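Same chain, two partners: chain A is paired with chain B first, then with chain C.
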Partner chain A sequence: MNIVLRLAWRNLWRHSKRTWLTIGAMVFSNVLLVFMISIQFGMYGLMIDNTLQVFTGHMQIQAPGYKDDQKMRQTVPDIVPLASKLREAFQTDTIAARGWAFGLASSEERSYGIGIFGVEPTFEPHVSSIPGLIKDGRYLRDNDATEIVLGAVLARNLRVTTGDELTLLGSGRDGSFAAAVLVVVGIFESGVADIDRNFAEMPLQSFQDIFYMDGAGHQVVISATTLDEAELLRPGIVAALPLDSDLVVHDWDTLLPGLKQAIQADMGSAFFMYGILVILVAFSVLNTQLMSVLERTHEFGIVMSLGLKPGRLGRLVMLETAMMGLIGFVLGAIAGALFTSWFTVNGLSIPGMEEMAANFNLPARVYPQVTPWTMVAGPLVVFLFTLLAALYPALRLHRLHPVEAMRAN
Partner chain B sequence: MTAVRCVDLCKTYRQGDQDIKALDHVSIEIQQGGFVCLSAPSGGGKTTLLNAIGGLDIPDSGEVWIADQRIDEMSKGELADLRLASIGFVFQAYNLIPVLTAQENVEFVMQVQGIPAASRREKSLAILEEVGLKGLESRRPAEMSGGQQQRVAVARAIVSRPALVLADEPTANLDSKTSDELMALFTELNEHHNTTFVIATHDQRVMGYAKRLVRMLDGRIVDDIEQHAA
Partner chain C sequence: MRLLPVLVRLAWRYLWRNHRRTIIMLSAISVGVWAMIFMTALTRGMVDQMIKDGVSVLPGHVQVHHPLFLDDPSVSNRITIGDAELARAFDTAGFKAWASRVKVPAVIASERESRGVTLLGIDPAAEREFSFVSYDDVEGRFLEGADDNGIVIGRELASKLETEVGKRVVLMSQDPENEIADRGFRVVGLFKANMPAFEESYVFIGKQAAQKMLRIGDTTTEIVFLADDYRNIEPTFKQVSARVDSSLEVSRWYEVDTYLGTMLKVMDGFVLIWVIVIFLALSFGLVNTLVMAVFERVREIGLMLALGMKPASILGQIIIESMLLLAVGLAIGDLLAWATIQPLQGGIDISAVAEGMEMMGASSVLYPKLYLSDMIRANVVVLILGFLASLSPAWRASRYEPVEAITKVG
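After this line comes the complex of A and B, so read on.
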């Protein structure tokens, strides 16, 4: 090994307890960072996946302006053939056409304003979790059947159950009066009160007939396995749209800006806390290296008198810090990953957080995800701040004069 | 050929509210191959003069020349390069790097000089044998006696064959036998390699080895005599 490396390594262990204490602070903060970041990003992933799985999907094709106004007449023409063409082009079932309208649903006893989706019964289960959440009855089957599935709270409010009939009144695409009698075939329960209280689904073809859609719909929903896959898929989807159309493709974060903002706000406060932790560690390193430099002032004077420039001495201090930081980095990342892995298997539940978790479509028990990124990101920042903290003691050596340094004890 | 030339050097230190004249218009010229002892009581200015010659301390006024280079106007970096290439230092307190072995201490300066590893190893082993430390190469300073440590310090100072060696009280912590061995080594290097030695001391035995004895008092040279070495 190079003598300078040997010197740096041995210098590190001159006061082994002090060095281990500093490394201990790094390891502790790294374990904490790996754990917290794994939980945080695991939760974000779950929040996004679970939210997108309900209705939104990773992308939607819409008419321009529909996202903001949601007017009946802002439609995607020939929506079923378009969805079919895309499914064929991308060899996937995770693309489905939908219509969307507001209406008044009336039972024998009560009436409520609802939002109603017209869906393709065959493909909707591939883009939405609602078909899998039927707790009573069954999901939609035939594309042209006059049947409906409702949220559990809505069914309770309307006092209907499976087999009962509902009258649906609304406005057609052309502004005309739309009305139909639909049989309740299923009741779903998502666990999110807003969804269970306000939404219903019916077959798309019946929807098109009732609301005079003339083959049109409002959104083609595209689901991907991951956000990364969705990003890769996007250019192909855009390219596959009819050349003469002015249809637009919206990503999930455009469709659900609130979700993105909630994640950003959470990330902001979390990173503020991480920043404080990293700065505390950096000060610990600064203290260690400053002491180390001060107590070696005499020795530095000697080597300067032998012809070493302050820059080289500064690099030696930086090398010592880098070695210490690297030990903290490796031990912290490994210990953090092992610690977090236990929770990846067994999960973590925070008492009293269940209701809030449900609002974000999260399960009561959270399973952190250890990835190379969550394992390395925090420790890497600690490592960089460690080096940054050592800059001051290293630069201080530039002010050192050999004679004055040699007089120091 | 002139190895060292100091012209009208002055250096004043402030101690409390008193100005101490460490060097008071000192001029001296030392030829290459010279073996000079600077002798003075404590505070007489010998260490200050040695530091000025080595570029460790900058005089308030006057000129310091090493060979044909004026060093009192050099930058810190240039002075460091000069010391690395041309000057060897031996200190009273040995001043070895405690975490390095004897051989590593000797090799350290050579590594900074950019000498390849194989050559470093060869030279360091040879010089340690020359100063009588064969077999002790792997010992750290704390595992060696004072005399052995001073020999390592000397080996470190001379391994690159500098033209000039500056030694500040090199025998102060050594017994008389070890002192004699060290001075014999200096004499041999001076005679065989034409290395110039400037030694600050108040050890009469050391002065006996010098070809030239310069006595200082209160920052001034009061006596400068050629003598026959022991």
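After this line comes the complex of A and C, so read on.
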């Protein structure tokens, strides 16, 4: 072994307790960082996936301005042919056309205002999780049937079950009065009260008839398997739009700015906390290394008077720190991964969190996943700050005067 | 006990013998304590604001409904006691504020668009203190009385409906017989709210106009009461419960809005965990400092013991040293936290993530709230845990064998 390496290693263990305590601080922070980062990013992924698969999809084609105003007359013309053209062009089923309107739904006993989607019964199941959540009856079948599926809470409040009739009142695309009688064929239950309370779906063609849509709709929803894939798909979609139209393609983060911003806000506060932890570790290292340099002043004086350059001594101190940091890094990353893995198997639930979780489309129990990235990212930052903290004691050596130093102690 | 002043003085001097180490440790403690309190103040501020926006304002701290209303908010599930009788029961009872209102889902339509909203039929005089709408900050005017025939809607909703002050809109809902109840209203004012979602989802009309439109006589669907503070609602709750008969359901705000209720609890827990985590990160450095401090003066400790100082005094001295270090660090940290939070009292603008905050139910301006109780809690936790952490090094120092210690080559 290289002599400098050996020297550094031995110096490190002069005060083994001090070294272990400093490493302890690193390991503690690293375990926390690995654990929290694993949970955090796992949750973001789930949040995005679970939210997008309800209605939004990864991308939507809309009329300009529709995203903000959602007005009936901001339409995508000839929407069904457009959707089928895209499906053909991309050889996929995960593209579907929709219309959206607001109406008053009345049963025999109750009336409630609801949001109603006109959907393509064949393709909607490929872009939305709602069709798979039917717990009573069946999903929509024919494109021109006058039928409707409702959220479970809505159905309960309206006092209807499958087979009952609903009257739907609203205003059509041109502002004229729209009305229809629809048969409830299915009831879905997503578990998210807001969705189950406020939404209904009906076949797109009857939707277009009732609301005087004249073949138009409001959104073409495009789903991909992953976020990355969606990004790759985007240029192709834009290119495939009819040349003379002013239609726009929106990504999920423009469609649901709240989702991305909630993640950003959460990341902001998380990074503040991580930063504090890292700074505290850095102080610990600074303390230890400064002490270890100060108590060796006499010794350093001797070797310097023998001709050793202060730069070399500085590198020795940095090497000691790096060794210490490396031990902290390895132990911390491993311990953190093990700690987190326990929750990967058993799941983590915070009492009372179900409500909050549901608000973000998250399950009540989370299973954090350790990836190489979440395992290494936090400890790596700690390691870098460890080295940074040792710079002051190391550079201080340049100011050391051999003769004075030898007189110390 | 006469020894105590001496021990404190000794500890203080020892602390400054190695001033570099002490200063580094003090910096670490100060930063840690600052982070504890600062973060706590931010979270507190956020939750307070959420509750102010979401709970204490619109729905009231204690609410009375028909037992089925919360799940099925229809006029059929209204409170069948008339306003006159309610006034007799509550006006003289000494509540800070109370009001009965009509609150039902409805559809609002302009000539162009229709949207679903929550219709609030209110007596504006009674609700001034509850409302999330500042009556004065209204484009046009707010409702002038319970018999006002106009409608006040949010700005956001107005732009979606393409309507404005002076234009007419139609409200549709149902009456108790499930006949469609609809009526035209002239828009008299556009209100502004902290959260765009409120501007889109609530419309105000006069209580009597609502009662007439829905054909419900002088009954309402909701009675709300204001307590002094959202954390202290039990007295009001009891008072209300005693005055309404059992056919009605009396609920606390956190039972109505369970999301905010859990949010409050989760945040309380989070604050404590945060304080403990920071302390643990600090404790390594603290113990390290103490171990070193003891190590440096093994010979002195041996000498003191040989001269007859009791081991207990050595133990006490080390613990005092640790407590002094923590106390100074806490003082600086507290001061730092206060100094950084003070200038932020006016609110921190985080509108860059406004829609995300809204998803969490928070508004886009964050007002940090520094509570004395939070500060005291952080300080007490640090001192108690600090005491525990210094026990081991102190104990060891007091167990030295005098002769061995003196002869130890340091």
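Criterion: the second predicted complex is superposed on the first by the 408 of 409 C-alpha atoms of A that agree within 3 Å, B and C clash if a C-alpha of one lies under 4 Å from a C-alpha of the other, contacts with A are read in each partner's own complex, and residues count from 1 in each chain.
Rule of thumb we're sticking to: contacts are C-beta pairs under 8 Å (C-beta built on N, C-alpha and C of every residue); 3 or more make two chains touch, one makes a residue touch a chain.
Computed from a predicted structure; not experimentally measured.
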Partner chain in contact with A:V238 - chain B first, chain C second, else both or neither: neither
Chain A residues touched by each partner, larger count belonging to chain B or chain C: C
Touched partner set for A:A89, first chain B, second chain C, both or neither: neither
Contacts of A:L290 with chain B and chain C, given as first, second, both or neither: second
Shared chain A contacts, counted only where both chain B and chain C touch the same residue: none
List of chain A residues in touch with chain C within their complex: 15, 17-18, 21-22, 24-25, 28-29, 32, 69-73, 102-104, 106-115, 156-157, 169-171, 175, 198, 257-265, 268-269, 272-273, 276-277, 279-281, 283-284, 286-288, 290-291, 294, 350, 352-356, 359-360
Residues of chain B that touch chain A when the two form their complex: 51, 54, 56-57, 76-77, 80-85, 87, 89, 91, 95, 97-100, 104, 107-109, 111-113, 156
Chain B-touching residues of chain A, taken from the complex the two chains share: 2-4, 6-7, 10-11, 14, 298-299, 302-310, 312, 401-403, 406
Parts of chain C lying in touch with chain A, wherever the complex brings them together: 18, 20-21, 24-25, 27-28, 31-32, 35, 39, 42, 71-74, 76, 105-107, 109, 111-117, 159-160, 162, 172-174, 178, 180, 258-259, 261-263, 265-266, 269, 274, 277-278, 280-282, 284-285, 287-289, 291-292, 295, 350, 352-361
